[in-house]
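Down below are the structures I want you to see.
What follows is a pair of complexes built around chain A, which joins chain B in one and chain C in the other.
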Partner chain A sequence: MISLENVHKEFAGQPAVRDVTLEVARGEICCLIGPSGCGKTTSLKMMNRMIEPSGGRIRVDGHDIRGMKPHLLRRKIGYVIQSIGLFPHMTVLENICIVPRLLKWSMDRARRRGQELLELFDLQPDVFSDKYPHELSGGQAQRIGVARALAADPEILLMDEPFGALDPLTRSNLQVQFGSIQAELGKTVILVTHDVDEAVLLGSRIALMDDGRLVQADPPERMLSSPRNDFVRRFFGTDRALKRLSRLLVRDLMRHLTELPDGGQPDQRHGKPGRRYAVEEHSEIVWQTDSSGLLQGYWGGCVLEPGQPSPSSYVPLDEPSAYGISLSADLRTALTRLLEERLPCLPVVQGDGCLNGEIRLKDILRA
Partner chain B sequence: MADGVPSSTSGLMAASGDAGRLRLVAVIRHGLLPGLFLLLVFWTGLWAKVFEPLFPEINQLIYSRTPFWKLVLQHLEMVAAAGLAACVIGVGLGIGVTRRSGREFLPMVNSLVSIGQTFPPVAVLALAVPAVGFGAKPTIVALFLYGILPIVRNTVAGLESVPEHLKDSARGMGMTDLQVLALLELPLAWPILMAGVRTSIIITIGTATIGATVGAGGLGAPIIAGLNSENPVFILQGAILAGLFAVLVDRLLERLEGCFNGSA
Partner chain C sequence: MRASTDISKVRLLGWLLGLVALCCFDLALFRENRLLAGQGLTVWQLPVPSVSLMLTALWLALLPGCLASGRGPRIFGLVSAVILLPGVLLAVGQSAGQILQDAPPGARVSLGAGFWVCCFSLLIIGSDLCRSLPRPWLWKQATLAAAGGLLAWILLGGAVDQLSLMIELSQRRERFVQEMVNHLGITGLSVSASALVGLPLGFCLFRFPRLRQKVMPVLSSIQTIPSLALFGLLIAPLALLVTHMPFLERLGIHGIGWAPAVIALALYALLPIVHNTQAGFASVGPAAIEAGQGIGMNRFQLLLFVQLPLALPVIFNGLRIASVQNIGNTAVAALIGAGGFGAFIFQGMGQAAVDLILLGALPTIGIAVVADWIWQILIGCFQTGGRS
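Entry: the complex of A and B
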């Protein structure tokens, strides 16, 4: 979708970007990351001709962008900057409708599209349409900034530290929301960030730059598991193993359960109606469900603390769905839960509380 | 419940009475000055009534060579011509020197318009008369040079107050330079720009009275005549009318500024 071939940029003789070659495929989220002054923002701004390269070639959708009028090229590419840049004299809806109006959409069509986008970002159109930017919180303003960039349904989205100015909680909410919206829309996204966690969370690929050069461009898992050199290793930090876990899902390591026949362990004295499941017959722990498969409790001595129920005793669960972990949770979250509650394993449940499988600490440590 | 209804009705009536009173206050507030101005322009008897007890030794109490309304029109013509030219050229220069290609002219334009304002208008008149003759023309030239500074200064200040990141985001969305100017920079610069226009027009209205020295007429005519014939009543008549006129025009422009802001 976007390709940079030997792109070079000098500012007054000082090289800012040196010989960068990068190919971003359709639907990818490519995170450009690196220390300040590494040339990541310059690289981004060359893609919509906000900055003209000194050498090399940039293609968008196969066409050399030098052959396109800059303002026409930019109308096809969404652009989000850290300071958001909402126009203070226009309402939220007018702001979102800027690019559609530049493209000569009818007022009606532009308004409908604007309201659609507000809904997509969980902002009620009748509340937010006529507000002015100064009436918004930082998180709302940034969501509207992203909505505005998506207004004319561009194939490509360029984002320059879009979540950088937000508080940590709002930032992580917005990252998750953006991730799920992007999964739905399938845009090609180039995102500049200096936040490693953000790149690992959102990126389908991470391109690490240093001093104008592209050091390594790989999917996050590969960046974390096989860093090309010391710089990459240091950049991703000492907790890269944990970061890598946040890219893996419970789904990937879940063990499947089989139903135990009646009379199997645990013993029948406590005979509860329903079904029992375990990974294998002599598992340390056996999950108890009702007849429809809803998790009820467990049998076994899985709790490591002394004084807890001995093996083969039954522990009912008050809130089985909160106790279990979801299929789509990441392994970092699962590991945190296991360590926090000092458990060797956790049940994996669906949203409705149905037992799905089991995730084991041992498996995560081996991952 | 039973007495709740009448009390709420009376509350409503009180509210509508309040609204009526507010409207009356508004009419008086907005109509007072224009009314007074029209009265003084058309009812010359009023001047005589007021000034007779104050200046008993003066026999000619009303400037009568030209009717006041004609002087007001002459004054308005000069101010409008000079003001319009100063606005068009001043705003144009302000826009020009804030563009990428014109930025290097900013210091030059700044010093040029400063000279324009520091050069005394009377001297401009004296220099302009040989070139364009007597009457309104040299006055308009002098007023234009005198009034262009605040417009250029404020246009530049207004346009430079638009944050760089907004212009960046406007260009990034695919606006042409002209669209950035029309849709972003001018609307945001408007209040500062208009403040400059108002300042310029006010000082132009006051300064236009010197036009009378080169036969341009206007509200300066009674002042000059009063100076020549040592008649303070004439001077007062010219000065009061010019002052009122300036205040009225200022308020009109203030209204214009608000209108544009509301619609943007």
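Entry: the complex of A and C
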């Protein structure tokens, strides 16, 4: 979708971007990251000709952007900046509708599109349409900024530290919201950030820059598991293993359970109704569910050999749904739970609370 | 606790000043004829005692509005102030009629120092009260409109026709209208001419900052030349120009008269207009500009949709300053034969006729206040919703 070939930029003889080659595919979120002054923002701004490169070639959708009028090119590319830059003399709706209006959409169509976008960002149109930017909170303003960039439905979205000026709570809320909206819309996004966690959370690919050069561009897992050099390793920090875990989901590492045959029941003496599940017959832990599969409790420390009396005891759970961990939770969360509660494993449950599998500390440590 | 912090010293001081002026200073001056020194009349010496009592009572009623912290009393105070201002004028004007009935013909009654101090203190109280209310901008406009309307009604309705000022007016009604047209014409023409040059120049200075260091000092130094000197300086070159190009004379251009006045006043107006135009464009936030460019506006669209609307309040403010400043300076232009209300002022000074001076000075002030008011409303309109 966007390709940079040997792109070079000098400011007054001082190189800012050196020989960067990068290809961003359709639907990707590519996070440009690096220390300040590394050339990430300059690289971004060259993509919509806010800055003209000194050398190299940039293509958008296969076309060399030097052949397009800058303002026409920019109308096809959404642009979000850290300072948001909402026009203070226009209402929220007028701000969002500005690109459609520049593209000569009818007033009606532009308004409908604006209200659609407000709804997409969880801002009630009848409350927010006629507000002015100075009446908005930072988080609301930035959502309007992103909505404005999306107004004419561009294929590409360029974002320059879009969540940088927000407080941590608003920022993480907005990151999650943006992630899900992006998953729905499937835009090609180039996002400049200096926040490693943001890049790891949102990026389908991370491009790390240093001193104008592109050091490594890979999916986050690879960046974290096989950093190309010391700089990458240092940049992602000593907790990069943990960061990597936050990219992996419980479902990827979960072990499947099999229902134990009646004969394998550790203690028919208790005569507990329902079903029992375990990873294998010799598991230390056996999960107890009711007949519909809802988690009820577990049998601890049992050695399940046919015929042998079991030393295990049954532990009922007060809040089984809170005890289990969700399929879609990330491994960092799972690890935290396991360490906090000093457990060797946790049951994995679906959204409806039905037992689905088991996640083991040993497996996470090996991941 | 709250009440004590809410008492405005400004209002209290204004009220006390007005009280002293009302009770101790001369509200009116009685003269045997228009040039003689007058005999002062305090509020107690007015011919109708009930009028004196009513004025004093109204002034005392203003006190709670000046002291109180609640919204109700403050609004009440504002309303009483708006009524009092024309009320004092009406009282003096009606009294003048009474006094003159038994006086020799040619006797005059003028407004005294007490009247003017009362007006001044009412102005202070009114503006401070407006500022203390929620939505001060609206209150200010409403107060101005109400007070202005009442004053106009009293002045035009003939209720104060016996005052010396109004007698001076009635003796030269046609000339008054003529000089008003002159005054407005010279001011309007000079400000428009200045805007025609100053707005593009201001934009150029914004675009080319290096030019700014060269042009702004020139404009500032023009401001330092006294207006009278600048009028004088223009007489000779204009006269020379007219002798060489006779067709200019047919357009009404001479070395003296309105032409040098308009040129000089336009030069004076240039500084505020150019400066504010430049500053207005410079005040537009870089984020809005970058967003506009990034969104795909071309230069013209950026100017039209972003820069100009955001700069407009500041630019209009420059035009406001230029208008008010030129309305005042136009009065001086009467000295080189340009006409305008200045003609009455200088004529009155020559005759030592204070009321004739006032006949020139008061309308000049009035026009300046009205012009200022109109511009402020315009600026307010363009600011709605914009920056807080």
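By our rule, the second predicted complex is superposed on the first by the 354 of 367 C-alpha atoms of A that agree within 3 Å, B and C clash if a C-alpha of one lies under 4 Å from a C-alpha of the other, contacts with A are read in each partner's own complex, and residues count from 1 in each chain.
Quick note on the criterion: a residue touches a chain if its C-beta (ideal position, glycine included) is under 8 Å from a C-beta of that chain, and two chains touch if they have at least 3 such contacts.
Remember, predicted model here, so these are calculated numbers, not experimental data.
Asks: Clash or fit: what happens to chain B and chain C when chain A is overlaid?
Replies: Superposition check on chain A flags a clash between chain B and chain C.
Asks: Under the stated touch criterion, which partner chain does A:Thr258 make contact with: chain B (first), chain C (second), both, or neither?
Replies: A:Thr258 sits against neither chain B nor chain C.
Asks: Looking at the overlay, what does A:Met50 touch: chain B (first), chain C (second), both, or neither?
Replies: both
Asks: Of the two partner chains, chain B (first) and chain C (second), which one does A:Arg75 touch, if any: first, second, both, or neither?
Replies: A:Arg75: touches chain B and chain C.
Asks: For A:Ser292, using the defined touch cut-off, is the partner it touches chain B, chain C, both, or neither? Pick first, second, both or neither.
Replies: It touches nothing on chain B or chain C.
Asks: Determine, under the contact definition given at the top, whether A:His134 touches first (chain B), second (chain C), both, or neither.
Replies: The second partner, chain C, only.
Asks: Does the superposition put A:Phe87 against chain B (first), chain C (second), both, or neither?
Replies: It touches chain B and chain C both.
Asks: By the touch definition above, which chain A residues appear in both interfaces, chain B in one complex and chain C in the other?
Replies: Dual-contact residues (chain A): 48, 50, 71-76, 79, 81, 83-85, 87-89, 98-99, 102, 148-149, 158.
Asks: Would you tell me which residues of chain A are touching chain B in their complex?
Replies: Result: residues 48, 50, 71-76, 79, 81, 83-85, 87-89, 98-99, 102, 148-149, 158 of chain A touch chain B.
Asks: Could you pull out which chain A residues touch chain C in their complex?
Replies: For this pair, the touching residues of chain A are 48, 50, 71-76, 79, 81, 83-89, 91, 98-99, 102, 132, 134, 145, 148-149, 158.
Asks: Going by the contact rule set out above, which residues of chain B touch chain A in the complex?
Replies: By the definition above, chain B touches chain A via 163, 165-166, 168-176, 179, 183-184, 187-188, 264.
Asks: Which residues, counting only chain C, touch chain A once they are in their complex?
Replies: Spelled out, the residues of chain C in touch with chain A are 285-298, 301, 305-306, 309-310, 385-388.
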